[in-house]
Every structure is written in structure tokens, then in C-alpha cells.
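Two complexes come next, and they have one chain in common, subunit A, joined by subunit B in the first and subunit C in the second.
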Partner chain A sequence: MITLTLGDAPAVPLEAEVLSPDTIAPLSLEEIRALPVFLGKRQRRVADFFAVDGESGDVVEVHGDLRRVKWIGRGMSRGVLRVRGDAGMHLGSAMTGGSIEVSGDAGDWLGAEMSGGMIRVRGSAGGQVGAAYRGALSGMKDGTIVIDGSAGLEVGMRMKRGTIVVGGPVRDFAGLQMKGGTIVLRSGAELRAGAWMNRGTIISLAPIPLLPTFSYAATYNPTFLRLYARRLATFGCAIPFDERDGAYRRYTGDAAVPGRGEILVWQPRS
Partner chain B sequence: MLRIAGGTVYDPANGVDGIVTDLFVDDGRIVQPAATVAVDRTIDATGMIVMPGGVDVHTHVAGGALNFARGLVPENQRAARKFLHAGDRRAGLGGMTPTTFATGYLYAGMGWTTVNEAAVPILSARHTHEELHDIPLVDKTSLVLMANNEFVLDLLEAGEAERARDVVAWLVWAAKAYGIKAVNPGGVEAWKWGKNANTLHAPIEGYGKVTPAQIIESLAEIADALQLPHPVHLHCNNLGVPGNFETTIETMKVLQGHRAHLAHLQFHAYGGSDWGSMRSESARVAEALITNRNLTADAGAVLFGDAVTITADGPWQHLLYQLTGRKWGNLDVENETGCGIVPYVYKDRNLVNAVQWAVGLELLLLIDDPWRIFLTTDHPNGGCFWRYPEIIQMLMNREFRREEIRKLPEMARQRILLADLDREYTLSEIAIITSAGPARSLGLSRKGHLGAGADADVTIYPAKPDHGFLFSYPRYVLKGGTIVVEEGEVRDVATGREFIVRPACDDAIEDYIRPLFERFYTMSFANYPVEIERLRHPEVVNLPRHP
Partner chain C sequence: MQPRIADTFAEAFDMSAARVVITAQSPRWARIAAESMTGFATSVIGCKVEAGIEVDLTPNETPDGRPGVSVLLFAFDAGGLGQRLVDRVGQSVLTCPTTACFDGLPEAHERVAVGGLLRHFGDRYQSSKFLDGRRYWRIPVMEGEFLVQESFGVQRAIGGGNLLILARDQAAALSAAEAASDAMRSVGVILPFPGGIVRSGSKVGARHYKKMVASTNDAYCPTLRGRADVTSALPDEVNAVLEIVVDGLDREAIERALRAGIGAASRPGVVEITAGNYGGKLGKHHFHLKDLTS
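Here is the complex of A and B:
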């Protein structure tokens, strides 16, 4: 395992996409220290900011106040990346495999346009989780993002496949222009969830405000949720599915697009 | 004095076809060597191909619409080729809609040294000139949009031809333009009513009498009367629509007796009655163009892959948006024109796109007079200008072309002629369609050739059998006698000049325009015309008064 420990938090954003198992695993400690990072517009070395220790391998741990360190784990395809602390924007952006664990919070654009792998955040995340970057046609294409805390705006914007689970409440526009995949909102969302959604599923375990362009379809207990629940339970975030406990109200939309997405809202048996 | 020694020179304008000879450059021009001047540098061009620098007769590289497009497709910018700041070279992005400085590096890097920005509204001319100034290494001309200008249309409606001529002359100088562009005559005006102009001889929406045909004929007449070096540059009605070849041929009839340039002819040569039955009608359009010797055209060829379509043709862009269901930008340019922007992907498995791809090449191959059909992709509409070498390769290599045709769906292959065309372009013909021809059509007497007195814009290619590669990486590019590109690398960032014309007009015409302008426009009249001081390297051509 390689350990990188950040000294003083940088005053301006530090772009450090080299902090990923793909880049680091084959290198010696000296080579890792010499890797380029950008402090604002100036190119520096990893060693100017991080103490590097440990033995080369597929596991990388980064310690410190990393809120201004961007692009950690960008495009990673394998191995394990652990962030002990808070991570900055674009963590795990475009990753294709491997796993990322964050003990604190993560910034905006967490797992944006990722196409595989697993991201687990113990704290909260910013906005645009698993989203498409501005202008791009699709966001997250596969993989799983689990956030124990809350999340910001536009969670899963234009996502195409994969799963996002958020423990705390999320802000406006969850699933904006969603094209597929699943978003699980364990504590509900603020306004306009599912706006312009074409396909895909938003599951909310708490009541949420719905757009008028979503129409009620049925109250039922979809079979596929049993599978989802089993899988999500392995991450410690079970979702209810048993009809003895309650049922889901299904709403379809967004009719403004028009789309064939669905929002399932859990109704516990009273 | 600089000597380019031992190169194989292709200078079709002067009848030089692959002759090994020396060229001499002094003070930015090609010169006949005088014994008294010493040669202080020699470029050894032995075994290399020497051609006049490329001239792009129709491209969109600056201005409000292009900037709108740049903003609309951030996802393309992300994937684009990066130019890093290095020495004098500025940072920038390539891609579908390159940034200003990168545009110059990309054109010159390919051996092109003059470009014609083909669509400028007067209202955004100031911005356009600022951007053109920031495109280094190439000389520039620009054309001002006129076929949907309400001042002009109102005068045509009222039958005031002479005053219309003076208004056009005033507007050309106000925009500091080089010529007149006509886009979908009457159609963009009709778009303001949610309509289009599909037939040439019906009055356009909002007017009682004036028809697209009348606009086309009047503007052609005005361009001739004002003695503009480049004739009216026409984007015909019904662009992109199946069956539009009839409109194109009818337009050619309307233009009889006048000079004209037909832009991106590929988009105007389709048969069939809907998308499912669309087919190539390049043979009939090519034949009509060959017959009408008053006309030139550019190909507007399509290449498979990503593109961004940008045109003043607002109604067409709305239709294209409905077909793609992706993004759409629409601009209303007050009393002058409109504009639409739609990102687009040309796919080889798509019947319509496959026909479009073939039609561009067919026109280039069927029109056997290279002086009248020029290489363009209507950048960035049909593909990016930096992909021209791909088209050159297909024109010069029949076998390569046939390999590409084999990739098309069977149904598309039945709708096109390309597989039956055996013609292969010679290097001399390539020099004509990329340089000598467009320079002649633009009336740029010092461009497109290597005779004494010509601007020393010279491209030197390594001689290699693979012609696509050959044209991608010139060994040297000279701009105004300076070596600006060497081995594909930008060595010097010389600023280009702008050619503009000053047509003669009745000075009193401003008294006619001013009150109209103050009534109908949202800005102040004093801010409307572009001051000549705005242009930092203008080259003004003063035109004589109408006889």
C-alpha cells in the first residue's frame, strides 16, 4: 500500500489526477514523488505537497484536508483508492473500475461520467454526482455510487446506467434529464426531482414534491426491488420491498419531454 | 532574397504543371530574380512539391454565430486538440469550432494561407473583425449577409433598384466586408413568421411582391454593378431537403447573365421526395453548372463524424433540430438575418448521411473544369477544414475511394454514382481546386499563383505516394515570404491582413438609412458601421463608380 499525506492544504486548487492506482502502482516512491500536479496554472511535483510512504501496490491511501485537491482517481480502472479526510471536486471522474472510499465528504462532480467501479462516501457529497459534464449527452454509464450523507444539486444528471444511493436528503433536480439507471433517495429530495427524465428509476423512501408532469400510475411492490434490496444490503443500505411493510406509489414522466421514466415513492403500511 | 530551389512546381494559373524550377521571394512577393540582389537564404525543395498556399472560398471561422456554437458544444471542446502556450504561440483548442488563434495554426499547418469568412451580419461585423484579427498566419476576406435584410427587401418590394444598390454598397462598407452573401433568400425573413421560402417564384412571407428569385437576381445584378471582385455568394433555397436539385437548377436559370458563386453545392443536389427516398442528383446539378459558364461553386463536402452546423438559414436549422432531437441554438439578428446552430453527427450507416457524403465527392469528380468547383466542407457544417486532406486523398485515389464506398449500406450504394466514377485528380488539379480557382473566383489577383508579383504564400509538401498524409503535413509553409510552418510545426505567428472593398455609392444614401435605422434597430446609428480604424491590417480595394 502507498500512503500519500498532504501537508498544508493548498491555498488554490491543486489538480492531482495522478493520484490513482493506475498511475501509482507500477512506480517507485521516487517516481511517485516526481509526478506532475498543477497548483493553479503552475506545474509542481507530488512531493511538493505530499509525503509519500509505503510499498508499491494496487492500494493507494491519501490523507489530509483534500478539499482543494481535484481530480483524484480520475479515469482509474483498477485497485483501491482510500481518501482519509475530505476530497475535492471531480473525485473518480470518468473512472472505469476499481473502488474509491472516502471517510469524509466529497466535492461536486463525484464520479461524473464514470462507466464502472464503486465509490463509497461516508460523509456527504456536492452536486452533479455521477452527472454529465456541461454539454455532454450522457453522464454516468455504469458503476455504483453510495453516499451515506446528503448530496447537492443535479444528482445523476443525464445518467444512463448504474446506481446512485444517497442516505441524506438531496437538493433540487435529482435525475435531471436522466436516460437510465437508478437513483435511490433514502431521505427524499427537494424540488423538481426527475425533471426532463426520459427513462430510468428514482426510488424515494421519503415523500418528495413531484412535478405536475408526473402522473400517478399504480401502487405496487415491484419484483425487481427484491434484487436491488439484496444487493444494496451488502453496502449496509437496505431498502424496503415487502408488501407487509408497505408499497410503492409509481409515477411516470416526465411528460414535458415526453419521457418514460418512473419515480417510486415508498408508502409504509399505516 | 529567398530562393526555393529545385522543387517540382505546380502553378496552374501560370500554366506550370510539375516543372522543376527555382522560385525567388523578396519583400513578401514572388519576384523575377534580378542579378543585383543576393540570395541570402535557400530552401532546398529538391524532390518536393511546391504549390501556391491554399485559399478557402467558404468557411465559418469568426463572429457571433461561431462563438454561439463554441459555447453550445463544450463537450466538443473537451475532446478537441489542445494548443499549449509556447513562445509566441497562443493557447487554444482545435476541434469542430477551433478558437481564433488555433484556427490560424490549423489552416497554416495544413498549407492554407487565405480564408473567406462566408457569413457576417452587419450587426456583428465589429466582433467578427476582432476575431479575424486574432486569426494569425492567414489573410482574410468576409462576406456580408444581404438576402434577408429588410432595408434591401423593402426597396425591392417598392421597385427602387437604384437605391437598393446604394444601400447594399453602403452596408458592404459599413461591415468592412469583401462581398455579398445571400443565404436562403427570403427564407430567413419568412422564418420570422415561422415560415420558409420553398419556391423561388412565390412572394415571401410578409411581402406582397418580392420573391426569392427577385432577391437572387437583384443581388447578382448589384454585385455586378458595384464591380465587386467576388460575385454574389449564394446559399440556395431548400438547403438539405430531398428533391432540392430542382430548386438549384431553377436558381441557375434565374442567375443567367450574371456572375455568381454557389456555396456548398453538395447540400443542394438531392433527389427523392422524402428522407426515405433521398438519392444523389449530382449528375444533373453538375451538368447544369458546367453549362452555366457564369457560375462557380464550392463542394461543401461531408465527412463522416462529428460536425457542428452553423448557418444563417434559421428555418432549416429548426428542421434539423427536430430530426436530431439534441441541441438547438437560434438567433434573430434584428432586421438583417437569423441564425441557427445544431450539433450533428454524420454516420456512414445512415442512408441520408451516406448520400450526402457521396454527393460532395461526385460533384468534385463530375464537374470536370476544376476552375469552377472548389474544395470546401462548408466548415464546420460538413466537417472540419482540417480534414481537407482526407477529401484530397479520396479525389486522388480511386481504389481508396472504392474501399470507403464498400462501408456504406447497400441501400445507400444504390442511390449514388460514386462507385462508377473513375476520375482521379492530378496534383495540378488539386492546386486549382484548393488555391488557384478559389483565388480567381474571389478576385484576389495576388493569391493562388506563383508568378512574379504574387504574394509569397507558398506551400511545400514532401513528395510521398500517400496523398492524404502528404497534404496533412507540409514540409514548409511560407506566408508573405516568411517561413511560418516547418515540418508541421508553427515557427512564426505573423498576423494576416484583411481584404475589404469600398464600393462607390451615393453619399446621400446615409440620410435614407439613418432614420430607418433609428426607427427599427435597438442600437444607436453611430455604433452601427465598423470604423476602418478597427481593422489593424486592412487592405482596401476602392471600386470604381458604376458606369
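Here is the complex of A and C:
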């Protein structure tokens, strides 16, 4: 395992997409220390900011206050990346495989446009989780993001496949222009969830305000949720699916598009 | 007295197999769907597919955590098997209350579309979910949704392993065959005939009807013994014969089943246990009974 420990937090954002098992695993400690990072517009070395220890391998651990360190794990395809602390924007952006674990919070654009792998954030995340970058047609295309805490605006914007689970409350526009995939809101969301969604599923385990362009369809327990429940149970996330506990109210929309998405709102048996 | 074990072999053939896992709200409905799906599937000659229930599954053993039943289907090739899967899942599982249908051979490289074709029943109201590299179709039905996996794995398999139980009378033959079929059922094999037992063993073609693909196995029909145009294979004391046909996912599974069947069928009233073959000319898999009992 390679350990990188950040000294003083940078005053301006530090772009460090080299902090990824793909880049680091085949290198010696000296080569890792010499890797380029960008402090603002200036190119610097990893060693200018991080103490590098350990033995080469597919496991990389980064310590420190990384809130201003961007693009960690960008495009990673394998291995394990652990962030001990808070992570900055674009963590795991465009990743295709492997797993990222964050013990603290993560910034905006977490897992944006990712197409595989797993991201687990023990704290909260910013906005645009798994989203498409501005101008891009599709956000997340596969993989799983699990956030124990809350999340910001536009979670899963234009996502096409994959699963996002948020434990805490989520701000406005969750699933904006969603094209597929599944968002699980364990504590609900603020306004306009599912706005302009074409396809995909938003599951809310708490009541949420719905746009008038969503129509009630039925109350039932979809069989497919059992597959997700089993999958997410491996991450310690429980999704109710048993009719003895309750059922889901299914709303279809967004009719403003018009879309064929769905919002499933859990109703515990009273 | 122990029956004689004939010094011969069961001749079996290459086939393609699929495993279908049917789940439902209760074991009863999973079983109903499985029994419907495996109906009229005794022989590829007449039914285009051989199918049977492999095992009942507990909720811990199924993808959706509900009770289930595992079904095996065998056909001559993957193309034909795919068609039969679409027909049978579509008519017997899709229609059955509370069921869902999953691929039981996820590691198989060869795939045939099942949910990918059945989805059209949804008339564009269907939707899909993609989870862990597999696509599942959600087809709206009057009771809710039918969930079916897009594609099912197909693997090479062996069909036509068999035992012939030669007994003094019908009761002894049936009793031995029942015991054998119970003992032979296990993971990886099916016994496609009714109750696992077939009384109408056949020979290839016919002597008198040229268009017949198969006809009665006259050499093993007790009532034809003594006729001038029949060369009977039956000892004098044999008055009833029953056959057990076994299809399996691999050679080991069939050997295990045949061995268990020979052991269970070795009971009073059974004169001889033998097997059907075509002189080794048609099937490349030979199961020598002596090897199985040594």
C-alpha cells in the first residue's frame, strides 16, 4: 500500500489526477514523488505537497485535509483508493473500475460521468454527484456511489445507468434530466426531484414533494427492488421490499418531457 | 437376490442446456410455474426440448430472495434452445402469478436472448434495469410487473443417459424405477419423462412405417417375445421393463445419477439392469454400467 500524506492544505485548488492506483501502482516511491500536480496554473511535484511512503501496489491511501485537492482518482480503472479525510471536487470522475472510500466528506461532481466501480463516502457530498458535465449528454453510465450523509444539487443529473444511494437529505433537482439508472434517497429530497427525467428510477424512503407533472400509478412492491436490496445490503444499505413492512407508491413522469421515468415513494404499513 | 448388471453401456449425446431459476411469492407458485414450463418436454424427438425440475431453491439461493425452483432445459443446439426458452418462459412463467425468471448459468459464455425478446410483450411500456453487468426487463402485467433477465447462458451438456430395469412383473418394475428416479434426482441432472420414468422405450426408425423417426423398442416388449419377427432381449422370467432417461450438465452429474439409480433399483423382483445404446455409433458419450458399479 502507498500512503500519501498532505502537509499544509493548499491555498488554491490543487489538481492531482495522478492520485490514482492506475498511475501510482507501477511506480517507485521516487517516481511517485516526481509526478506532476497543478497548483492553480503552476506545475509542481507530488512531493511538494505530500509525504509518500509504503510499498507499491494497487492500494493507495491519501491522508489530510484534501478539500482543495481536485480530481483524485480521475479515470481510475482498478485498485483501491482510500481518502482519510475530506476530498475535493471531481473525486472519481470518469472512473471505470476499482473502488474509492472516503472517510469524510466529498466535494461537488463526485463520480461525475463514471462508468464503473464503486465510491463510498462516509460523510456528505456536494452537488452533481454522478452527473454529466455541462454540455455533456450523459452522466454516470454504470457503477455505484453510496453516500452515508447528505448531498447537494442535481444529484444524478442526466445519469444513464448505475446506482446512487444517499443516506441523508438531498437538495433540489435530484435526477434532473435522468436517462436511466437508479437513485435511492434514504431521507428524501428537496424540490423538483425527477425534473425532466426521461427514464430511470428514483426511490425515496421518505415522503418528497413531487412535481405536478408526475402521475400516481399504483402502490406495489416491485420485484426488481429485491435485487437492489440484496446488492446494496453488501454496503450496509437496507432498502425495504417486503410487503409486510409496506409498499411503494409509483409515480410516472416527468410528463413535461414527456418522460417514462418513475419515482417510488416508500409507504410503511401503518 | 441382487439383479444382474449387464455388461453394456448407456449411449448419450451432445446437447445444449440452459438453467432457468423461477422465483415466486411462495414455493407453491414457483413450483406451479416450473411444472407448467417443463410440461410436454419429455423428448427432443417429439417436443423439441427436454426439460425438468432440477431442485427447489430456498430464498437464500435465489437472486431476488424469494422461494424458487431451478429448471434445466436441453436441446440439440443453442438456437433451438433459445426458441424453446422464449416459448416456455413466455407461456408458462410470464403468465403465472408473482413469478420472476433468472438465468441459472451466469458464467456461460454462450448467451441466448430471452427477456430481450419477451420484452416486446410490454408493447413499449416495458423498462429495464442494468445491475452488475446484467440487464433485467420489467414487463408490465395486470398483476404488477414480470421481471425477466435479458439473456440466459447456454452450455454444452449430455442427454440420453439411461437405465433399463428388467423385472419379474409390472409392480416390481415400477417400485424399482420409482426408487431409482428418486435417488437419481440431484443438482445438474433432470429425468425428463413423467415421474422420471418411461415405459415406451424406442428404437431408431421403424420396421414397417418408413416415415416414423422412432418406434417401440420391440426387443424389450415382453408381449412380443416369441414372435418370429422379433429378437427379444428379455430373459424368460422378465415380464415388465421400465426405463429411466437422464440428461445432465456434465458427465460427472450423469455418472452420479446412474450410479445412484442402479443402487436404488437393485431390489427384489428386479432380474437385470441394463442400458440402451445404438452400438456406439450415434452418441459419443458411453456410460459402462460395470464401471459405474465397480
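Please note the rule applied: the second predicted complex is superposed on the first by the 270 of 270 C-alpha atoms of A that agree within 3 Å, B and C clash if a C-alpha of one lies under 4 Å from a C-alpha of the other, contacts with A are read in each partner's own complex, and residues count from 1 in each chain.
In this text, a contact is a pair of C-beta atoms (placed from the backbone, for glycine too) under 8 Å apart; a residue touches a chain by one contact, two chains touch by 3 or more.
No experiment lies behind these values; they were computed from the predicted model shown.
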First (subunit B), second (subunit C), both or neither touched by A:G135: first
Subunit B versus subunit C as contact partner of A:R231, first or second or both or neither: second
First, second, both or neither for A:R82, with subunit B first and subunit C second: neither
Which superposed partner A:R33 touches (first subunit B, second subunit C, both, neither): neither
Subunit B versus subunit C as contact partner of A:R44, first or second or both or neither: neither
Subunit A residues touched by each partner, larger count belonging to subunit B or subunit C: C
Shared contact residues on subunit A - subunit B and subunit C: none
Residues on subunit B engaged by subunit A in the complex (per definition of touch): 72-76, 78, 326
In the complex, subunit C residues that touch subunit A: 63-66, 100, 127, 129-132, 136, 138, 144-145, 147
Touch list for subunit A against partner subunit B, complex: 133-137
Parts of subunit A lying in touch with subunit C, wherever the complex brings them together: 142, 161, 163, 180-182, 199, 201, 218, 220, 222-224, 226-231, 260, 262
